[in-house]
Amino acid sequence: MSGAGSGERTLELLIGPQHPASGHMRLVAEVDGDVVVRLRPDIGYVHRTVEKIAETKTYLQTIPLIERPPLADTANHNLGYVMAVERLLGVEAPPRAQWLRTLLAEMNRIHSHLYGLGIHGIMLGSSTAFMWAFGDREIMIEMAKRLTGARITYSYMIPGGVRRDLPPGFAEEMEKALRYLERRLPDYDRIFFSNPVTRARLEGVGVLTREDAIRLGVVGPNLRASGVAYDVRRARPYAAYPELDFQVVTRSEGDSMARMLVRVGEIRESIRMIRQILARMPDGPILAERYAKMIPPKWRDYVRETGRIKFPAILASLRPPKGAEAVSRVEAARGEAVFYLVSDGGPRPYRMRMVTPSLRNVVLFSHLTRGCRVADIPAIYGSLDYFPPEADR
Amino acid sequence: MVCGLSGTVLVGNLERSARRAARWLVERTPVRGIRDWGIKFSLWPVHFTTACCGAEFAAASAPRFDAERFGFLPFVGPRQCNLMLIEGTLTRKMAEAAVWVYEQMPEPKFVMSMGACAIDGGIFWNSYNIVRPKDILPVEVFVPGCPPRPEAVARSIIMLQKRIERGESVGLRV
Amino acid sequence: MASGSEVGEVAAPIEGALSGISSELSVRGEVVSIRVRPEDLREAAERLLRLGFDHVKAVTAIDRPGEGIIEVVYHASSYGNPGLTGIIAELRTSVPRDDPRVPTLTEIWPSALYQEREQWEMLGVIFEGHPELERLLLPEDFGGPPPLRKDFKIPTEGINA
Amino acid sequence: MGALGWILGLLLSPWVFVPLIYPGLVSAFAVLLFIIWFERKLAAKVQRRFGPYYVLRHLGGATQLVADLIRYLFAEPIIPEEADALAFVMGPALLFGLTLLPVVAIPVSGTFYAIRSDVSLLIVLALLTLGAAMTLIIGWAGNNKFSLIGGLREGFLSMAYEIPLFVAALSMAAAYGTLDLVDMVEVQAETAWGVALNPLAAFVFLVISFLATSRFPFEISEAESELVMGPFTEYSGIMYGLTMGASYLKYYVLCLLFSIMFLGGWEPVPPQLAAVPFGPGVVVFAKALALMALGVFLRAVYPRYRVDQAIRLAWHYLLPLSVASVFVSMGAAWLGLTGA
Amino acid sequence: MGGVEEVGGRGGRNPVVSLWGHLKAVGTGLKYLIAVPRMTVKYPDEVIELPDGYRGMLIYHQDLCISCGLCATICPANAIKMYLPSGGGGGEGGGEKPETPPKRHPGIDYARCIFCGFCVDICPTGALEHSKVHDAAYERVEDMLYRPEEFAAGPPTVEFERPPKRLRPVMDERRGISYEPVG
């Protein structure tokens, strides 16, 4: 065996990038028998240089760009980026647009969490959990498709508002979809979450203490599963969150099971929030007056009838003031995403810093896997809901 | 290919003549038809996600679109698979792995590119860290979209099946 | 809606905590921006940590070839202190572009570990004392200047074919 | 008569029929082609989708495994340069052959069998254990870290499950007062099915047959999310097909054994089949197949255990339970339930 | 959080609880095996009808186009380019001519297009529109480049062996998505 040198006790396992449970990364695990001595994540396999390309694209063109890395969670990142651009420009989206943004963000949170749960399922060997989660994800994708016109890459939020209004009959269909999801969760529970095998695999595995979670700057459900009730939607509410009633789901155990259950709890909270949003959605324009009045007059009727914005030409070349800087943070599905934009007065960002939740969770790989068993690597990996393209950008 | 038979029980001319004999046998009409039918309905893509299109690839395998209907079963190791689906951007670091994985696969093998990034870079066309799969692998079918809809993935599977049926596939010739 | 205390209330304690360090303070939205000299960076970070800013959200380096400097910006905030969760402390410093050296803050904020490594890789900022300053995202054989420097050009295309 | 009759006669002689046709090679292949397809269809139904379909549209893609088999046949057989070529090539064939070997001692009916021995149960159990050793060799031969770990896991597991398997099977021997499988069926025909006489032994035997053949939730030695394909990682083409088939084959043998020991074997024989010498075998076959369907259905329900958990399960729970099942058998015999 | 809270309660490794859990899991599996319908769309035979406003491949009305170039300007992937009429040899690089150049028209390269729909939304005359085609696949990269003439000829058509059934997805409380036949 090439890795087991003469007289060495340990074996170096290269897990990935072609490995059923590695995703788009490599885990270099040093194992002693069945116990992991050290695990080093080797990331960068999906490094597509988003921050550099952003410097060659205008502020609007960067929207699809920042959506690609966190592909399963585009809306929340889109929202974070657009908030930063709006702070640079000094624009504010009208209330209805804010509520629509929140709606899409919460829908996206549901399908992103289902994505994470499905991947976690397949990593534990439960193909049914994967198939169910990915099947039910389609429910939210279908609804989002009606709202935005795309399955997952929505590019729905633009500086100053959103691109489309609610299509007719959306609220009724959504209510049915939410009821369906609520009916399904107990079945998930029986076949996967409280399946004794799942519990044997997850309980007490990969425990992250509260202190370590804070010290390492972990984000999202992984943080809240360790008992830190930090959620940007509560800490610094944005969009329509100040007016919504929701709980920050936390657990105290900090193990893989807790991380999974926090996600399940958040799905329930998102369902509650979507109900509130659709019930209390304010009327009004969906694009800031500053840009709405620049829509060519011949399109005004079209926009009013279809609820689809026609871009005024100015959106193609937004120019924030020179030297302006903006920081925005949002609670994306996998955790807090931070955007930091620096303008030089030109139509393109001078520097776009995108700190995704997965990038901040990379540190957990080596931290949590020390002393675990080989079979726990996928169990812990899955529980982190780590998405390599998001970390590599 | 690279992981061939040299250094094993079958070496040298014996190997070459055995291969020639096997090829001669396979090229006969009924054998060839049976082989192509088998391959056509047993395209197993290797579990190798190169980038974010993997999310839609998973959706294509998931219940709503269920690619397994075509005998398309994502499988774990390169040795057991015969199809490589480039799921999105191929970065330089990943390209190296992609070639490795491709060479580990037994012939006949096929390559499909999924998503704009895997064709001409898509929105990342000017990135300094990407590779266009068609430059390094014999890609047969391209699926546009960013990411492509699961239907488009199904469409590409059908297209590859047709190519195999018609004997046009380059994967069969190597 | 406990949205943490307002920025203005926090700016004063921060200013107090940083007394003795030459720093410029400004407030921008939820962000308290603190500019210090590179040699004061560690001291400032330690004091911020004592104040309750327990983790780093982002480490950003900005290349400014026009001024011949690289700016290094840390965005820190708090998980543990509910009064600070709504605030972001922006600790920034500038170093000369041809010899960009700053002390690492990983001992103070372990959460900066990977991001400092990334900024080293992308902009060539040397974080002195960083435990593992090695390639993170780029391939091993990557040549050329650090890619996020402004003199690293990538192709662009016009609108005409 | 002529040559055809002679060949037919030869085929129908138990010595040829049993290893070659039923329960041997031909039926085993048929079972493989069916059960793997059925597994995929069952899982697909639970997962709310179709599974294999277009390969034979009107029969739910029933020929899917034929297509897969053909592809395996025509795929390039790769022997890695650093592998031990002889062990690597011989491994799958031996594994497949050894796994199939126990069928020679399995009776098809009270009068039709290849080997009838006083200790045919012991022969079957002894031959069953050979496969695990082959898996170890295969895991080592591939010269891949994952296959090595997979092979070792198989080794650990086989040590853990073999003792309770033997004890559970022998407890039935104690109940029936015989080690002869034909006699066991006859005892069951007179009294009650083994599963009623000693449900504990049946339970232990069933769980161990999942454990011994990598059925979920014990798909551990080739756990894909940890070890790619475990011992079989480096295999391609038909060699891989053989290794994959072997685990199903072992399950098939165990299910045959289970239906003979616990489910009354060929009893009750439908009168239409009683005239054919190997006719009663159809009943055993049907029972075994139903049992296999249960086992493959679990794929749709379970994740997999960790290796240490499965080993602990075997040593901590199954071993004591199997010992307890001996006492259950003794109790049943003492009460006169078994007629022994 | 209802049921999930109870699950999270660490029941330890109580064999009775475990056995009950196993029975529940297998029972749920059986329920789905028998009672719950599939959600699959049999794609080449059944096609999902896309909603209005779906961002599919583009339709280009050349008669409406005023050659403003906004679509090419806003395209984040540089997939839309302005091409000279093919008679004028608008080949590689777009050779600049000293005399007033003829009007350029947009062409699209689906090898890059990311279907963001910005071009449609910014087109001041409505010359660009989304079609509902989004399931094309190509055998050659060159086929994916649509110069203005090809672009104006409409989106690619996809062929079906058997005429597909068109289905509109509707939300359903019990089944998730159910499908209604269209037309």
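Order as written gives the chain letters A, B, C, D and E; numbering starts at 1 within each chain.
By definition in this document, contacts are C-beta pairs under 8 Å (C-beta built on N, C-alpha and C of every residue); 3 or more make two chains touch, one makes a residue touch a chain.
These numbers were taken from a predicted model, which means no experiment stands behind them.
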item: Most centrally placed chain - per-chain CA mean versus overall CA mean; value: A
item: Identity of the chain that, by mean CA position, is farthest from chain C; value: D
item: Which of A-E and A-D has more C-beta pairs touching across its chains; value: A-E
item: Euclidean distance of C-alpha centroids - chain B vs chain E, Å; value: 23
item: Rounded Å distance between chain C and chain D, as computed from the means of their C-alpha atoms; value: 62
item: Whole-Å gap between the CA centroids of chain B and chain D; value: 34
item: Residues of chain E whose C-beta touches two or more other chains; value: 25, 28-29, 32, 38-40, 42, 73, 76-78, 114-115, 177
item: For chain A, residues that touch 2 or more chains besides their own; value: 19-20, 44, 47, 49, 52-53, 56, 64-65, 128, 131-132, 135, 138, 153, 191, 195, 200, 392
item: Of all residues in chain C, the ones touching two or more other chains; value: 138-139, 147, 152, 154, 156-157
item: Contacting chain pairs - touch in the sense defined above; value: A-B, A-C, A-D, A-E, B-C, B-D, B-E, C-E, D-E
item: Residues of chain C touching chain A in the complex; value: 1-4, 28-31, 54-58, 60, 62-63, 73, 75, 79-80, 85-86, 88, 90, 109-115, 118, 122, 135-139, 147-148, 152, 154, 156
item: In the complex, chain D residues that touch chain E; value: 42, 45-50, 53, 297-298, 300-302, 317
item: Contact set on chain B toward chain D in their complex; value: 1, 3-10, 26, 34-35, 37-42, 62-64, 66, 68-71, 73, 76-77, 79-80, 82, 104-108
item: Residues of chain E that touch chain B when the two form their complex; value: 38-44, 47-48, 76-79, 109-115, 134-141, 144, 158, 177
item: Chain E-touching residues of chain B, taken from the complex the two chains share; value: 63-66, 69, 116, 119-123, 125-126, 134, 140-146, 148-152, 154-156, 158-159, 163
